[in-house]
Amino acid sequence: MIQYFSIMLIAIGIYGLLSQKNLVKLIVSLNIMELGVNIFIISIGYVADGKVPILSPIVNKSSMNFVDPLPQALVLTAIVIGVGVTALALSLVLKVKESYGTIELDEIRGDNA
Amino acid sequence: MTILKGAALLILAFIYTVTLEGIARKITARIQRRYGPPFWQNFIDIFKALTKHSISHGFIFDFGVLMAFGGTIATALFIPAGNLVVFPGLDNVFVVIYLLAIGLLGMAMSSVGSGNPNAGIGIGRALTQMLGYELPFLIVLVGVFFKYKNSSLSDLVNIQIESGQYNAWIMPLGALVAFISLLGMLGKKPFDVFIAPAEIASGPLVEYSGKYLGMLLIQHSFSVFIEIGLFVNLFLGGGRTVWEFLLKFFIVFFAAVIISAIMPRFRVEQAVKFYWKWPLILSFVQAIIVIMATGR
Amino acid sequence: MNPTWLIALPLGFAFLGIFAGKFSKAFLWIASLANAIISLFIFNGNGVTSYIIGGWIPPYGINLVVNDMTRVFLLAVNLIFLLALVATSAEILKKDEKMSVAFMLSLAAINGILLTGDLFNLFVFLEISAISAYIMAASGKEAISKFAALKYLILGSIASSFYLLGVIVVYASTGTLNMADAAAKVTSLNPNVLLAAGLLMVVGLGVETKLFPFNGWAPDVYANASGRGSTILASVFPIAMISAFIRVITFVINSGKLNELIIVLGITTAIIGEVLAFSQKRMKKMLAYSSIAQAGVILMLIGIGSSKAYIGASMLLLNNGFGKLLLFSVASQIALVAGSDHFENVTGVGRKSPLFTLLFGAGALTIVGMPLFFGFRSKLYVISATMDKSLWIPAVILITAAIEVTYYFRWIFNLVKADAKLSEKRSPVPFGLALAGLLAVLVVIAFGIVPEANLDFFNRIGDLSIQLSKTLMGGM
Amino acid sequence: MDLSMIILISLIAAPILYFLAKFSHKIAYILFSFIQVFLFVFILLQKGIINTVSSFEIMDGLKLNFGFTPINWYFGSIIMLIISMSAIFMISIKKKSPAKLLLLSLVSTGAIGATLSMDFLTLVIFWELSTWSSLILIVLDKEKSFREAIKYVSVSAIGTYSMLYAVFYILKSFGTVNYLEVADKMKVAPESSKILIFVLFGIMALAKAGSFPLHIWLRGSHSTAPDEFSPILSGALTKIGAYLLFIMVAVIPSSSIFSWLPSIGGITLVNYVLAWLGGISIVVGTVMAIRMEDVKELIAFSTVSNSGYIVLAMALGGTYGTIGGLMHVLNHALASAAMFMSMAAVIHRTGTTKMREMGGLITKMPITFAAYLVAIISVAGIPPMSGFASKWLIYQQLVKNGLPFLAFAAFFGSVGSFMYVFKPLTGVFLGQLKPEHKNVKEAPFTMILPMSILTLLTIFWGILPSNAISFINKIVHYTGGKEIQLTFSRIIALTGQWDSVLVTMAFFVGFIIAFIIFLMGKKARQVDLMDTYTGGEFLYTAELYHFVYKMYRPFDRMFEKWPSMENWLTSLSYKIKELGALLKTLFYPKYPQGYVAVSMLTLLVAFWWLR
């Protein structure tokens, strides 16, 4: 279920990328897409009735019914990277605004030669 | 012996063609209702020219005349006249045709070297016209050579005499084309635009005087000998004797003179277009017929 | 020598460089020089070695894998990077010391991409390299470079998301992130799942390797980035990115259908790249499309995947690296001298300063593959390898090559064309460009004329592909 | 000395000369000419030696193979003769530069390597080497050359890459690229691959020889190349195309491997098509040469026409065709190099290539004139020069096979050549001297020397063509063909024989007779060129009385409406650019949405397709 939700998010993100003309909105769309991917990753690790993957007296070593901890670790990395990219993107938008005076795509006149 | 034969041939060619040209003048005059000069007038012209003072336009002017004269005489040596054959078996037709060109080149060089634009115009026309008449002629020759697998003039003459069938009967279209080409080669009307006296002051000949003119007149009569000789040998079986050859020569020459006497003059591209239409087509037809009939 | 240094050194310097102010430029030189030397040491060796990071044994931990292909590529990457720095040392960038950090970051990331044996680790390095690439792309003087960088960023982010998705699909179905382990396990997967994962990864890596149709960012970025940025982007990055492509798509996924797709897309890339390069009026744009075309040919060879194809691909990669190093650095300098790199503006520049002609000419000749140059040898392998696959591919490749020859020569001619407008003033070639350029020229000529026996390392790359051994790759 | 050493020397000389030229142009150029002459002499001395060396692995299992067979020796000597003579010629040119020397050395290396090659791969490698270096050389001097050389680039790329394809196709199919081994294997190869290989090689040979329909580059490249390089381009480099052609038709005897195809006039269909291309290029080259006003363009088209002869002759095959073709390679190399050299000498002195801007230079440059005269007599195929022998042999073959239409082309080129060779003679050397050329001097000694050598060789082989044909007989013998019967002075062919010495003698006898008559006449008065018959007017301006511009205007008018065959490449380039514009709007839009859409679409389509 949660996978479908994440795929929907990805689709929404892509739709946003295709339809939006505002640079900031584009970046928001990107973020939505990344969010979808992240949720997908998290959902992979889900195990029904899984336990917290921490060795402790409560959790029996032999049961092995952990929730997969690795996707969570991956997501953390992905989120950090996503933040970095977003920051960079926003700073580029600033630069674009500085030089073109607009952040609407159709008003930006890059030379297309 | 070869030297003697060669000398005999040259003298014969000289005397005979100059005489014929004199007669031609007479005939033309009669056609045009004039009296005309005596038939020996051309000898008088030539010798008179040779003895007169002349002017020269520099080295190439002289050299070109020598080259034209020498080249033409050399070519004339390769024309068999009946049983007077100087180089039997070695008188290859291609050699004759191309050796003739060196005379033309010399003449062209000399006359253009005079610096007179008229000469240049004349040479330009002559070379263009040459591209017209040579092609049908050469195509016909391909057929002839293919049939006999031989391109030696004396051999071709012998073959025709032995079989008794002249090429003119075997390949009448070819002979016709060759005759039309011959008119162009001779520079007779309607193909005489390159010397057109009234328009470009005789074209290539405009600057010549005295001995130069005399030499070129001699050279001209030799080239007439070569050209008609080629036709006679190739299509009319040459001759068993010198006399037979000369007789055929006279007939061909006479025909050419008659035709040219009643013709107007073609412009140069008209001439070329003319040659590239019917003569060329006919020559191809003839060549293909011969090749088909002979079999590859 | 432990290859970890190749990553750690520039990364560390980059970190220091943020705070070091003016010294960061020095750090950049130190890091790249050190990396070049280290990679030289690593180059001396053969076989496959795995280096375990952090004491976790693969497949659970991350490992770095050095094999024969990596050795060559590591040396090439670090050397070309250093040469590119030297070649563009005369260029003055805005915020130079900050840019140095980005360059160091990219160096670290590129070495990481070449070395890592872990799918997710590769993602991280890809992202680091991408971020530094965005910064480089935005480093141009014109405003357009910022916009181009933004476009690159958007496409790059989608790509990395897709790559990540692919990785996760592989992880979900095989339970491992180690490349070797995954490669061993994917064979038993449902083909459709494998295909989906593979396709997602192809898209993800395709953007960085400039595979058609994911390469829309490249022309604007290459054409408008700063001299140093575009040189490094065009010469160093392709080697790393295609190496990642080889590792992930052909070694891990290794699906026959996917390879067919890559062949088709690769050829299409080559055709479109050459055709578009033919019609360009700007030098760097022409070079950009030419890079796309080169990448297409290389990827097509990887799709073919025979021993000869790998030799050809690696030769082409190196050739492209050195060639584009020359071309982009010279083109940037010419743009500086002539005011712009438009066709009419650069007319006759090479006549004023013949060294430009020499460097640009050598670069162009090696890219188009003329005898005496490295490119010709690689072209022989390309044709030979593609001929074994199908008779049509080499025909198409050669037709595109004919187009390529034509436009490259047009640009060479344009440089040496006698032009009346030119003033007699010579525009001097900066020392760094001359030095690095001549070195690169020597390299491409040397690779072009040494006997085959001296290029044994390429054959070893070929051998590697024959075995295509999963265990070898992972070194578990 | 080892053969590969020769090539190595030539290659190493390139950078050394480059740096030497940085210090002194003169010394470097002299050294260059010494090296070239040395290489020429070395190759010449290998006559009759048959050996091969293979060294230097270029690719896995493929080595460069060089060797001396009569074929290699013949082509190598001709090409190095032209290059070495041009090298001497260059010593006194004005525009010297180190880059030129570097590239010239590479051209020479490539030419030697290509002609001494023993396998197709070596051939194509070295050929390409000489091609790219010549490409850059062409644009070094003249502004106009830029647009023209690009045609050469694309045509040669078309040629080279089709050959490269064929080489690897051969390698894949037969496992070898050696000429003789390939010739063996071709006999049993499948029919389609025979045709494929032959067509691809044919494209290369025609492109490089400059034959129809790939002749379009010659006009621009030959005419706008540096003047001292044109002789090499026309005399030497186009002859490598003839070398490949010879290998195609004689070493891999195309007549026997295509015997399953219908044959026309005794030659197989493939050869017949090739012969037609040769024939068309004769006609096209001749017509265009006649219409040119620039002297170098004119000679360039004469090269097209003469390449057509070579292609025609080689394609006809047979004893006379093959030998005539090989002889024509020699003749045209000598003649076109001499023509280009004499024109380069004239341009060196006058600084123009337009015929109408020159004139009357014979008095100023008589030796150059003589060189040009002999060369054009040879090109026109007039007996006492060597050009006649080859044309005569080609005609023999045409007559033997009974091919009137191809014969038409051959005759057209021959008679037409009178027209075009005469035009520069008139325009440059004869006619009125321009006042601005009053102080022109004869070309310097280093220019005269190579021209004279080429001229003397042309005359020598004109008087004794049997000497040259006896070499060629050895080549033909080596490839298993039939030789031509020869005596000291006679050549005996199908339709009879001709005696070159006799013809020359006859000419000299005639000349002597003429000279005697000339001397007997009264001495002529020398007058100025301006003192001519003008219908009573006086002349003051010499340049107005020089008749050369549009000399064959009537002829021109006949061909004005003919479609130009030179623009197909340009229009192809426009087509590519239009395609580029289309692709750009489709796949490289301005805004990122476009990329994203295309990428997503591809992803979905690919998944759907591969599933």
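To keep things simple, chains are lettered A, B, C and D as they appear, and every chain counts its residues starting from 1.
One rule holds for everything that comes next: a residue touches a chain if its C-beta (ideal position, glycine included) is under 8 Å from a C-beta of that chain, and two chains touch if they have at least 3 such contacts.
Note that the coordinates shown come from a computational prediction; the quantities given were computed from them, not determined experimentally.
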* Out of C-D and B-D, which chain pair has the most contact pairs? -> B-D
* By CA centroid distance, what chain is farthest from subunit B? -> A
* To do: Starting from the mean Cα coordinates of subunit C and subunit D, work out the distance between those two points in Å.
  => 43
* **Rounded Å distance between subunit B and subunit C, as computed from the means of their C-alpha atoms** => 76
* Asked: Between subunit B and subunit D, what is the separation of their C-alpha centroids in Å?
  -> 35
* Asked: For subunit A and subunit C, what's the span in angstrom between their mean Cα positions?
  -> 27
* Per-residue multi-chain contacts in subunit A, two or more chains -> 14, 17, 26, 110
* Where in subunit C do residues touch two or more other chains at once? -> 150, 154, 158
* Which chains touch which? -> A-C, A-D, B-D, C-D
* Residues of subunit A defined as touching subunit D within the complex -> 14, 17-19, 26, 105-106, 110, 112
* To do: Flag every residue of subunit C that touches subunit A in the complex, lowest number first.
  => 120, 123-124, 127, 130-131, 134-135, 138, 143-144, 146-150, 153-154, 157-158, 160-161, 164-165, 168, 171-172, 177, 220, 281-282, 285
* Partner subunit D, residues of subunit C touching it in the complex -> 150-151, 154-155, 158, 162, 192, 195-196, 199-200, 202-203, 207, 212-214, 216-217, 219, 257-258, 260-261, 265, 272, 275-276, 278-279, 308, 311, 354, 357, 361, 365, 370-372, 376-377, 379-381, 383-384, 387-388, 391, 394-395, 398-399, 401-403, 405-406, 409-410, 412-414, 416-420, 451-453, 459
* Where on subunit D is subunit A touching in the complex? -> 590-593, 596-597, 600
* **Residue ranges of subunit D in contact with subunit C within the complex** => 56-60, 99, 106, 110, 125-126, 128-129, 132, 135-136, 139-143, 145-146, 149-150, 153-154, 157-158, 161-162, 164-165, 168-169, 171-172, 573, 576-577, 579-581, 583-584, 587-589, 591-592, 594-596, 598-599, 602-603, 606-607, 609-611
